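Report on the following structure.
Naming follows writing order (A, B, C and D), and every chain is counted from residue 1.
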Amino acid sequence: MKKIGIIGGGGYTAGELIRILQYHPQVEISYVHSNSQQGKTISDVHEDLIGETELVFTGDLHFEVDAIFLCMGHGQSATFVEKNDIPASVAIIDLSRDYRLSESYVYGLPELNKTAIRQSNRIANCGCFATAVQLGLLPLAFAKKLNQPVHIHAITGSTGAGQKPAPTTHFSWRNNNISIYKAFTHQHLDEIKRSLHQLQPDASLELNFLPLRGDFPRGIYASLYTQTQQSLEELYELYEDYYADHPFTIVTRKNPYLKQVVNTNKALIHLARHEDKVLIISMIDNLVKGASGQAVQNMNLVFGWEETLGLQLKALAF
Amino acid sequence: MKKIGIIGGGGYTAGELIRILQYHPQVEISYVHSNSQQGKTISDVHEDLIGETELVFTGDLHFEVDAIFLCMGHGQSATFVEKNDIPASVAIIDLSRDYRLSESYVYGLPELNKTAIRQSNRIANCGCFATAVQLGLLPLAFAKKLNQPVHIHAITGSTGAGQKPAPTTHFSWRNNNISIYKAFTHQHLDEIKRSLHQLQPDASLELNFLPLRGDFPRGIYASLYTQTQQSLEELYELYEDYYADHPFTIVTRKNPYLKQVVNTNKALIHLARHEDKVLIISMIDNLVKGASGQAVQNMNLVFGWEETLGLQLKALAF
Amino acid sequence: MKKIGIIGGGGYTAGELIRILQYHPQVEISYVHSNSQQGKTISDVHEDLIGETELVFTGDLHFEVDAIFLCMGHGQSATFVEKNDIPASVAIIDLSRDYRLSESYVYGLPELNKTAIRQSNRIANCGCFATAVQLGLLPLAFAKKLNQPVHIHAITGSTGAGQKPAPTTHFSWRNNNISIYKAFTHQHLDEIKRSLHQLQPDASLELNFLPLRGDFPRGIYASLYTQTQQSLEELYELYEDYYADHPFTIVTRKNPYLKQVVNTNKALIHLARHEDKVLIISMIDNLVKGASGQAVQNMNLVFGWEETLGLQLKALAF
Amino acid sequence: MKKIGIIGGGGYTAGELIRILQYHPQVEISYVHSNSQQGKTISDVHEDLIGETELVFTGDLHFEVDAIFLCMGHGQSATFVEKNDIPASVAIIDLSRDYRLSESYVYGLPELNKTAIRQSNRIANCGCFATAVQLGLLPLAFAKKLNQPVHIHAITGSTGAGQKPAPTTHFSWRNNNISIYKAFTHQHLDEIKRSLHQLQPDASLELNFLPLRGDFPRGIYASLYTQTQQSLEELYELYEDYYADHPFTIVTRKNPYLKQVVNTNKALIHLARHEDKVLIISMIDNLVKGASGQAVQNMNLVFGWEETLGLQLKALAF
């Protein structure tokens, strides 16, 4: 059994990580660190865990573990890593944005970097929108066919906005509501572009990206289209080949819907063609494949385990 | 045209009041007062009002109006009334709890006190749960038949908890969720009991009241039952007679559902009988009949107008 | 008072029409015709109307009215008009698609055809998606600036799919779910293109339109973007000028959200600029401005009344 | 590995069973039988299962399995068992109501009948409301303290109404709505009363039960109260003792909320006291602990396995 430490244990991604890791057959959670919650039980904060764990948040830190997950806010991971003398043997999986564009961390999207992840123990876990968008585009870039502007709309659940209350996460406001934010300028564009460029150095990087706030808690539903000359059948072959060795990314020929992936680590990809364009539907659970599930998938790779270990999660379905 | 001032204009009930009063044929809003929002336009805060009003929140106060509505938090109305020298000619309609048990204000539930409201200009607007529960019980108390314990279960929308964010109004938490609060001890019980006692001095005041937080923004759905010897037909006659002159409270013989009243000033009452018990369903929109719509209804009575003036609101229905 | 007949009275748009017309100051509903519901009361079917109307669905038809609204399914309006000898003096407002591309009916979008609507009494009411999309693009076409492909993404509420149960309107499925349908091929594209061509004969008609099924009952939220050389200020002036005489279409400089228009006849339009593109947000309530409210607006114009008569509806807001 | 057959594979409970059993470490699904769906793949119908199973619905029936689960509609299980010659060695777990009051099947509520379930292979799986209500009352009956009328309100998710569309499961209707049905007369009362009588032959069986339709897909939230003389501490001890050996039923001293149990096989029980009454909150996921999860729990007991095998499900939480 590998020993795990979780840093920044009070937020949504840490909670989701605990939910997954507690039943992972090869790890045990050594501690969950939180400055703000220390002394409370885990289930005082992540209340659905009542009856499943007796763990208590700690304010004491140590690195006698095999891996740590950094679940703090953006900016705080880098500070933490600088301030603490983390042994090189301890794997670090950072769920923040801090190292995603860094050379010293492997960008943690297994569908792009599986081999590199297996050989590293410094992983910058991929962002949620970035996961959904990249899974929709990677095969095209891999085939050097991403040559035209891409039009991307993606609707996200409210958990993407985190735990801290805001006017746009107030139930009275968000129920049955839709709105847009950061149109064309979302901060995940940088990491997306770097990945596309990695696969196709001359890829078109005109990504017109409209993120929307959806009136549901979990999930990202992305629709993307671009011009391409390949037939639908060629495109399906390309995508199916690309994802053949990636157990969580499923290419489906049937028009999918978001709840097929909610509460799972799966991504669903669907293609359609209209005149000279291909439409790509890509969807994930933002807290699982878009955050904590993918972090566990990365850990499995780092430790040389089966990628799906501990991640065979029952879908919500309804 | 009567002139209206609204005090405490930034909250949910003030917004709802403006939505209704702006199209009321006999009034004009002179000012909307708010310490926290002064200088902003009304539609900066109540954003759906964009295009409908050019009003700006003011920090200046005056009483050269025919009526003021107090929409501040509980406790602040009494302070406001004490600190300001409000002319006796200015009608005061207070939406807080502060004067509901006072002798100097008429308790503003038209289905109980219509004549007194018409003769007064100091009105303590009835609470939201209190409206739903009383409308379910008043005819029984009027007939002196409220002699046994009452069992009350009422689910409220999130707007009942106000605008200020709280863990229990966070969308990620409240969506598809249900919980209970203040079981048996909700603060509206006092005003309910006083009204029942007013109609039936020896009424049973054992009211077992379970309030629940529903996963919808608007509405209160209450189910009540108690033992009674009257037949269903006698009960329907009693309720239909009692509400015959109350245009907003409708007795229906068909099992109703909450969205029949959402966005209206209506209350729906339905009765059923099982063995020795009567089941009473009572439902309102908590922000309309449970707050601002009822405040306008009270104003109409105070000014001697038709009770329904400005309150013929299109139901949401879906 | 003008007399009104409603044909096909059992569906969503007829219900919404009755909700609005019952409080319209210049009309009375003479009859509501329905083959399937005849003999039932209106509130047996449109249950929120309980206590507001004593009308009964009729199976008898006559044309001793001033206007009829056709609320039947697509295809049935044309059949009805052919089979019945409707006097030329009776205004016909058809809510189906049947006459939208016809020369003999005026296309009922007041923001495009107000003068023609005023001079006609044969109106083909504009479709719901078509309303949202056109309101986003008409000023550009009017200024002859619609010269580049347009990218359109629009999310609709479930009431757009009508009353008949379907797998995609089952609550267990649709709650917290998102999906796409008729990508690039939605049937409203034809009417949209005709309108754009009317204003700008050489307009780009490459409209890439992705309609999505949202997990809310009411509303359409559309985001559109296209290349343009005008500055944001020039664009705002263009839109504000274009809509200056259209009381229901509001141009706002603040990022809006869908619930600002729910349960109203308003459309909200917002603009933003990114590099060489303009982003246009356009939103309506699909049952009101997208159907029955717009039908009443058209009727007001046909009868020479104030456009807003009977349409000053309180927003839901929450 | 034990071999499993599922009969009536197209409905909600069968889908949920497949979701759970596919990752159960000790079983393999031999076949999923469905007359209506035969020839389709499992994921054509239970679409979230795409990528997880290649199984196809079969119309052929055989009993060379270790257990069959009957997931047909109420009434059809008994017909099936009568018409087919099922070997005595094949365990039958019936999810319908058909055998719940029968002497020949063990009533499948492990918290009541764990020993008997272990010794049988004919199990009538407990109903969903019946599970929530009984888990709230069993300890009181066990202690012979259920001597006064019980007042029960329980709100259920839409999946409790099954897959077949109905007016009350239409999204446009059910979203943000609440209604009551079968007040005082729900068909689960019989099985509840039999269990209470089993533990306390002189128990009060006056159960005033109001079931409500909630506007969420999954879960049952039940509140129950009755008069009792025991202190809160005595009651907690009683409940904690009773459930000490039942890993899925958790007694919590903190006011819980429904989403703590959604997508899990857990039940949460909370107690409070007010004057002479105890309030009991009991909640489950109606499709898991209220149906398919409990069916697997029963199977585990029948086969002599650890009760929690295959049932350590990640909570949805949000």
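Going forward, contacts are C-beta pairs under 8 Å (C-beta built on N, C-alpha and C of every residue); 3 or more make two chains touch, one makes a residue touch a chain.
Model, not experiment: these values are computed from the prediction.
Colleague: Based on which chains touch which, give the shortest step count from chain B to chain D.
Modeller: 1
Colleague: Could you tell me which chains make contact with chain C and chain D both?
Modeller: A chain counts here if it touches both chain C and chain D, which gives A, B.
Colleague: Please indicate which chain is farthest from chain A, where distance is taken between mean Cα coordinates of the chains.
Modeller: B
Colleague: Identify the chain pair with more contacting C-beta pairs: A-B or A-C.
Modeller: Higher C-beta contact count between the two pairs: A-C.
Colleague: Averaging only over C-alpha atoms, locate the centres of chain B and chain C and give their separation in whole Å.
Modeller: Spacing between the chain centres: roughly 34 Å.
Colleague: So how far apart, in whole Å, are chain A and chain B when each is placed at the average of its C-alpha atoms?
Modeller: 46
Colleague: So how far apart, in whole Å, are chain A and chain C when each is placed at the average of its C-alpha atoms?
Modeller: So the centre of chain A lies 39 Å away from the centre of chain C.
Colleague: Can you list the chain B residues in contact with two or more other chains?
Modeller: Residues 12, 157-159, 172-173, 175-176, 215-218, 256-257, 259, 262, 318 of chain B each touch two or more of the other chains.
Colleague: Could you draw the chains as nodes, link the ones that touch, and say if you get a line, ring, star, complete or other?
Modeller: The chain contacts form a complete graph, every chain touching every other.
Colleague: Contact residues on chain D for chain B in the complex?
Modeller: Result: residues 151, 153, 155, 172-173, 175-181, 183-185, 208, 210, 212, 214-219, 221, 223, 225, 255-259, 262, 272, 274-275, 277, 279, 281, 318 of chain D touch chain B.
Colleague: Over in the complex, which chain A residues touch chain B? Could you list them?
Modeller: 12, 157-159, 163, 165-167, 169-176, 215-217
Colleague: Which stretch or stretches of chain C touch chain B in the complex?
Modeller: Against chain B, chain C makes touches at 12, 15-16, 19-20, 23, 44, 46-51, 157-159, 175-176, 217-218, 250, 252, 254, 256-257, 259-264, 266, 268, 287, 312-318.
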